[in-house]
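Input: one structure, supplied below.
First chain written, first letter: the chains are A, B, C, D and E, and each begins at residue 1.
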Amino acid sequence: MKWHWSKRVLALVVVLLFVGIAGDAAFSQEKVIKIGTLFPLTGPVALAGQRCKAAVETAVEVINNSYPDIKVPLAAQEGILGGYKIVLVHADHQGKPDIGKTEAERLFDQEGVYAIIGSYNSAVTKPASLVAERRKKLFMCGCSSSAELTKRGMKYFFRMAPTDETESQEFVTFVKWLNETKGADLKTFGVIYENTEFGKHAAEEAKKAIEAAGFQYVADVAFNPGATNLNSEVQMLKGKNPDVVFGACLGADYILWVRTMKQLAWLPKVCLNYCSGYQDPIIAQQLGPDGDYFMGTTGYSPELAELMPAVAPVEEIYKTKIDPPVPFDSDSIQEAVATFVLAQAIDKAGTLDPDKVAETLYANEWESPLSLGGKVAFAPGGQNIKAMSVVTQLKDGEYRRVFPPELANSDPIFPIPSWDKR
Amino acid sequence: MALLEVRGLTMKFGSLLANHDISFDVEEGSITGLIGPNGAGKTTLFNCISGAYKPTAGKVLFAGSDITGWPPYRVARLGAVRTFQVVRPLNDMSVFDNVLVGAFLRERDLTSALDVAECSLRFCHLEDYRDKLAGNLTIGLKKRLELARALATQPKLLMLDEVMAGLSGAELKEAMELLKEIKAQGVTLLVVEHVMEALMPIADKVVVLDGGVKIAEGPPREIVESERVIAAYLGEKFSRRLKELKT
Amino acid sequence: MADPILKVTDVCAGYGGVPVLHGISLEVCEGELVAIVGANGAGKTTTMRTIAGLMRPTRGSVEFYEEDVTGLPAHVMVKKGLTYVPEGRRLFQKLSVRENLELGAFTERNRDVIEERLARVYDLFPILKERSDQKAETMSGGEQQMLAIARGLMSAPKLILLDELSLGLQPSLVERVLRAVTEIRRFNVTVLMVEQRVLEALEIADRGYVIQSGRVVMSGPSGQLLNSEEVKRAYLGI
Amino acid sequence: MRHRQSGFGLGCTIFGILAILPLIPGPLQGPFAKHVLVMVLLFASMSQAWNLLGGYCGQVSFGHSVFFGIGAYGAGMAVVKYGLTPWPGALLGAIIASIVSLVISYPCFRLKGHYFAIATFAIVEIFNRLFMVWYWVGGALGLDYPIIEEGWRNFMWYETKTPYYYGAFALFVLVFSTARWIERHRIGYYMRAVRDGQEAAESLGVNSPQVKLTAMAISAFLAALCGAFFVQYNLRVDPPMVMSLDMSMRFVLITILGGLGTLWGPLLGAAVLIPLQEYTRAIWGGLGGGVDLIIFGLLIIVIVIRQPRGLMGFVSWVVGHRARARGRG
Amino acid sequence: MTLFLQIALDGILNGMLYAIVALGLTLIWGVMDVINFAHGEFLMIAMYVSYWLGFLMNIDPLVSWVASSVFVFLLAFVTYKLMVSHLVGKPALSALLATFGLSMFLKNLCLNRFSPNFKLLPVTVLSGKTIPVGSLILSLPQLVIAVFSLAVIFIVYRFIASTRMGWAIQATAMDKEAAELMGIDTEKIYGLVFGLGGACVGIAGGLLPTYMPVHPEVGSLFGLIAFICVAMGGFGSITGSLFASLLVGLVEAFAGFYIAPIFKYVAVFALYLVIVMLKPKGLFGW
């Protein structure tokens, strides 16, 4: 019979449904704190979401078990609050704000999570954190970069990463520094960005920072993410020929962008990237020499490990959580930081009362060996005021620190050598 | 007085002249036959009258109004309704609903439309099929459905395009009776037909087209004997048989 | 009478669960011209489609040259030597006359054989040779019907089924098309045809079957049928 | 007139059951279950709005997320930009959506079949991309609701779902009553006639462009109301959320799955598809491998192959089967 | 002037890429009247095949496109047998929905199996190579794809127009039942055409990893653009889809540069609307 296969599939699905429901109820009732994660595990930015999820899992692994060798708070002890273990409940928001909100509600109301860590896309973090705020529950945000998020005066929202605002200012400071100390004569700026919540925000902050510093903002190139080609975008940049380009292109678009610049034989003198494709070590590896000499901010990369010795053993655990194994990148590590800081705060507050924990979070400065500055502290609104990043430059597939000078281990190479001179 | 007047109607498709300067009248209360070889331009002429095509030149007057180039629905609203040679039942609707759509043209109100539809259904002997999907009917029934649907609009002029094709013997007789009854109710008929033995006995007048031109017009008896029509259309054998039939 | 080459036994079939045929049985012998006549919706075309393999019978069997071919798909039937010229011609309108004819000989791969068949078909219908490069859609109704028959002949069938050849044709053309049917017997083909013009069909046929509501109600030599009072009353309108 | 009235009792029963559903103690009381119910009603309404044009009138549009989006932006702009209640925004959005639908469909209705469908694809993409750069309405950044007073005035609740449920229920009643009214009136018959054969319909005096435009305007109006509800429910709107091919596909999917051109098809489709989607995501979404979407995709394939005429076809088969069995017994 | 020519050149090269993607779609559409929503995903699968062959076995895409093409041919054939064959002749939308489900399935299956990572072959024979032509720059990978595209379109066109099998395909497209009566096994033809459609997009997908990263979402936009090209050209017309693809490529390039990059696809979609308003059956449709 020709329907047999479809019947089989149907039966399989039904069985899976039941297994899934049964598995759901299997949590034991012991001393656990349920924490939800909310990341884009499918859809266009699934890659980042899955890495963030693995980072949170890593942090929980370290917190729940005893790792005396790891020099991170809570590693040595088992659990927090005298034996409470953290249990994670994962949810997928597919990069869609409506699903993010729904899943946040489900995590709180149905799964009864204590707090949520998430959720990468700023566009999703906004409505999802609103859900937490109304319920007076904590929302720990690792790496969503929209400056807007922490300007809403929320009480239960905390964000670890630097915002695109601070990144933009850092870029401009860096360029000024180049002009002053290296005699670079960089005047004109351009921005290329994907036209999404993330890209548009970054571009707006970039424009503000560039104009505030008295530079010329000559090229504003927005494109639709997931493009089949970026020829006209690069052609546009080439036409305006800015000295400095800020880039906010994620993943595949970043690869395509770099490749297209090579194809059209054009480069700016300096190219700085927001947390985007640039930071992905796998992309750096795949681009090979073509990816060299580009710069960007990084909150973490393996080359920064010498500044942050505590990361290495944690990273070993992280690598077991993700396939293929990759080191932390600056987005995912922020999610681990968020997890640690939350656990530390609960432990310190000695209670699970979210109000107390939130107070504690604001009142203290937290040890955070996984953060670049080693410290985390929050301003009203929830922004981590100790968030730092360094400007790095890719050379031979390695991220070299070039700015600020006190953290640098190498001189920036600029202008970028043109394609035919490599 | 003529209900429908066609004046110098010409229709061109690119360089193809489908109808050339055709004029004729359809008297109120009559049955007018329209015959001609395949490709003579009968269906094109129908399309020009019913508004599916806008004629290149010439005029169509219906009940005193110049309806040249009107869209089909306006022509229908004025009272000239057609059927199609290639039947076009509303496949996914029931037989009754098909007829109901026609009935709504004059009856805006559901209750009275239901009555009209019911009436027209019974008139065409389709009541056994009322809840069947129109798409599932046989060709013959579909033709009858087209007729019922057109009747439900309560037309002044009914234009039938080969409704009797595929019928044989007793069925033809039945169909002829039906057309006569329709005429008796005061509806004027313009009928395109190949089945001469059915058309000739009931038609008051026959118009013959060939190659897009009108070659003859007159009562059936004359037409059957016209050499020109025999050569172009009927063929010797049929004209002989038709003459036998008449006598 | 010789052994029948086509033997249809008690075939039932229908569309979407609605039965149309209620046990049709008929036989066709080598070299015969057999006509199936009957009223509209009696199941003539359904019978043809079922024999040709376009429909599967729900009951009964079809034997062709003593082989059970019940339910075999149409393209297999063509290879076995049974070709169906469907109602409404169904030409490939956008292709030329010649391409239509060549497609008719799709099952034959030998170029020479195809050329030979083309020549014979052109011989039978000279008009097709004149128009061989014209698109099928540009031809008149009668010519299209010729082409449909010719296309059916191109597969060199042993038995050809002709369905409603005269439908929608002007009277003079009906005459010509039916004459063509008698002529194709020169090809040594056996013919089974369906016709609603009962009189004309029976005039050229050897034998006839009368079908009514999915059943065979009468059969016999055509002369006999023509003289039957019942046939006269019901189908000839006399 | 017996057979014209059939189904009226069924309709009342369904409305009645849905009205008391949130009051029944049991598994439906959970907030997530309620969320699923709200989504079922919303998407049933939305799909019905689509069905009016796509199912009854036969104009398969993949562009309805545009109207859905315009409604969403109407409410969103009223609240976020002008600090009003969403009500005038929703109404204005619905009116604008109707007008926009007329403007774009007037030329598009000349296209037939796939050409029309692809044209609506193009329209969604154009609107999506234009809204992405139209900063007056928030552009790519979208509109985020401030925290304001809960209640019917602002049509906004932060924790309870019950009022949302009744809001969706009201919408549902409105849309389905409209559909039923249309189904039993001249315009409904004319819509189906145009679907089944435009030429035949015109020969019977049906002004088919007018019928199609009417269907489109009603459909767009109702779609926009659904969009307004959607934004009030999610408290954020940006173009990919509401004006995307994905969103349009959901309406089409639900309707076809339930039964194209049937009154209860959209409800049936939504009642099957939405819980499936929400629960597969809730159960397997967290695994991260897209398992929920793999299963969802497979299920769509299986259902479509088994029931190309939709679940309503299956239901009527079962009902017919039982009736026949009873007749025999 | 150079700039203008360069943009035109880029547009044409991209257009040729769209043309080969659209070719498979127009074949399937023209012959079977089935909308294959999973066409973009076929492209993605082909890219993965090419990527994995390059990554694991060091086979250059210049060679491995054969494997991609064969693989997608088989995939499409199986899709036809298991799924589409049940839907031919059923309401037109059901095939669309089933293939929509398939696209969701394939996309997420790849996500599940291969992770959402962007995968790019770092070094291939073609990647990153350019040929200067006067003051213009020709990108070698795109040029190679364009050449392949032309060749494949030409071969397919000849195949359809002047082989026995091609005639059988045309006959099946025009009238399935009549074709069966000619002794044509239409089931086989449908399977073949669906497979062939897959094979065409398989070639494109096989060559794309020379410059484009592979990830589960890569096919979506290509699929959409292919729809536009096919409809713009007139369904089922091979020459139509070729011309439409070139037009789309050019409009995309010029609008992207002279209006704004963000509007390049808006321009493409608007172009489609304008063209079908003027010619409701597309450029070459009948």
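Just so it is clear, a residue touches a chain if its C-beta (ideal position, glycine included) is under 8 Å from a C-beta of that chain, and two chains touch if they have at least 3 such contacts.
None of the values given here were measured: they were computed from a predicted structure.
Participant: If each step moves to a chain the current one touches, what is the fewest number of steps from subunit C to subunit E?
Facilitator: Counted as steps through touching chains, the separation is 1.
Participant: Between subunit A and subunit D, what is the separation of their C-alpha centroids in Å?
Facilitator: The separation of the two C-alpha centroids amounts to 36 Å.
Participant: Whole-Å distance, subunit B centre to subunit C centre, using C-alpha means?
Facilitator: Distance between chain centres: 30 Å.
Participant: So how far apart, in whole Å, are subunit B and subunit D when each is placed at the average of its C-alpha atoms?
Facilitator: Chain centres of subunit B and subunit D, defined by C-alpha means, are spaced 43 Å apart.
Participant: State, to the nearest whole Å, the distance from the C-alpha centre of subunit B to the C-alpha centre of subunit E.
Facilitator: Their C-alpha centroids are separated by 49 Å.
Participant: Taking each residue of subunit A in turn, which ones touch at least two of the other chains?
Facilitator: 42, 46, 49-50, 195, 222, 224 - these are the residues of subunit A that touch more than one other chain.
Participant: By residue number and range, which residues of subunit B touch two or more other chains?
Facilitator: Where subunit B is concerned, no single residue meets two or more other chains.
Participant: Going by the contact rule already set, what residues in subunit C reach two or more other chains?
Facilitator: In subunit C, nothing touches at least two other chains.
Participant: When you check every pair of chains, which ones turn out to touch?
Facilitator: Final set of chain pairs in contact is A-D, A-E, B-C, B-D, C-E, D-E.
Participant: Touching residues of subunit D toward subunit E in the complex: what are they?
Facilitator: It is residues 60, 107-108, 110-115, 118-119, 121-123, 125-126, 129-130, 132-133, 245, 249, 252-253, 256-257, 260, 289-291, 293-294, 296-301, 304-305, 308-309 of subunit D that touch subunit E.
Participant: Sort out for me which residues of subunit E touch subunit C in the complex.
Facilitator: 164, 167-168, 170-171, 174-175, 177-186, 286
Participant: Enumerate the contact residues on subunit B facing subunit C in the complex.
Facilitator: 35-39, 85, 136, 138-141, 162, 165-173, 194, 196-197, 232-235, 237-238
Participant: Which stretch or stretches of subunit C touch subunit E in the complex?
Facilitator: Touching subunit E: residues 52-54, 73-75, 78-79, 83-86, 90-95, 99, 102-104, 106-107, 109, 151-152, 155 of subunit C.
Participant: Give every residue of subunit D touching subunit B within the complex, in rising order.
Facilitator: Spelled out, the residues of subunit D in touch with subunit B are 1, 3-4, 184-186, 189-190, 192-193, 195-197, 199-208, 261.
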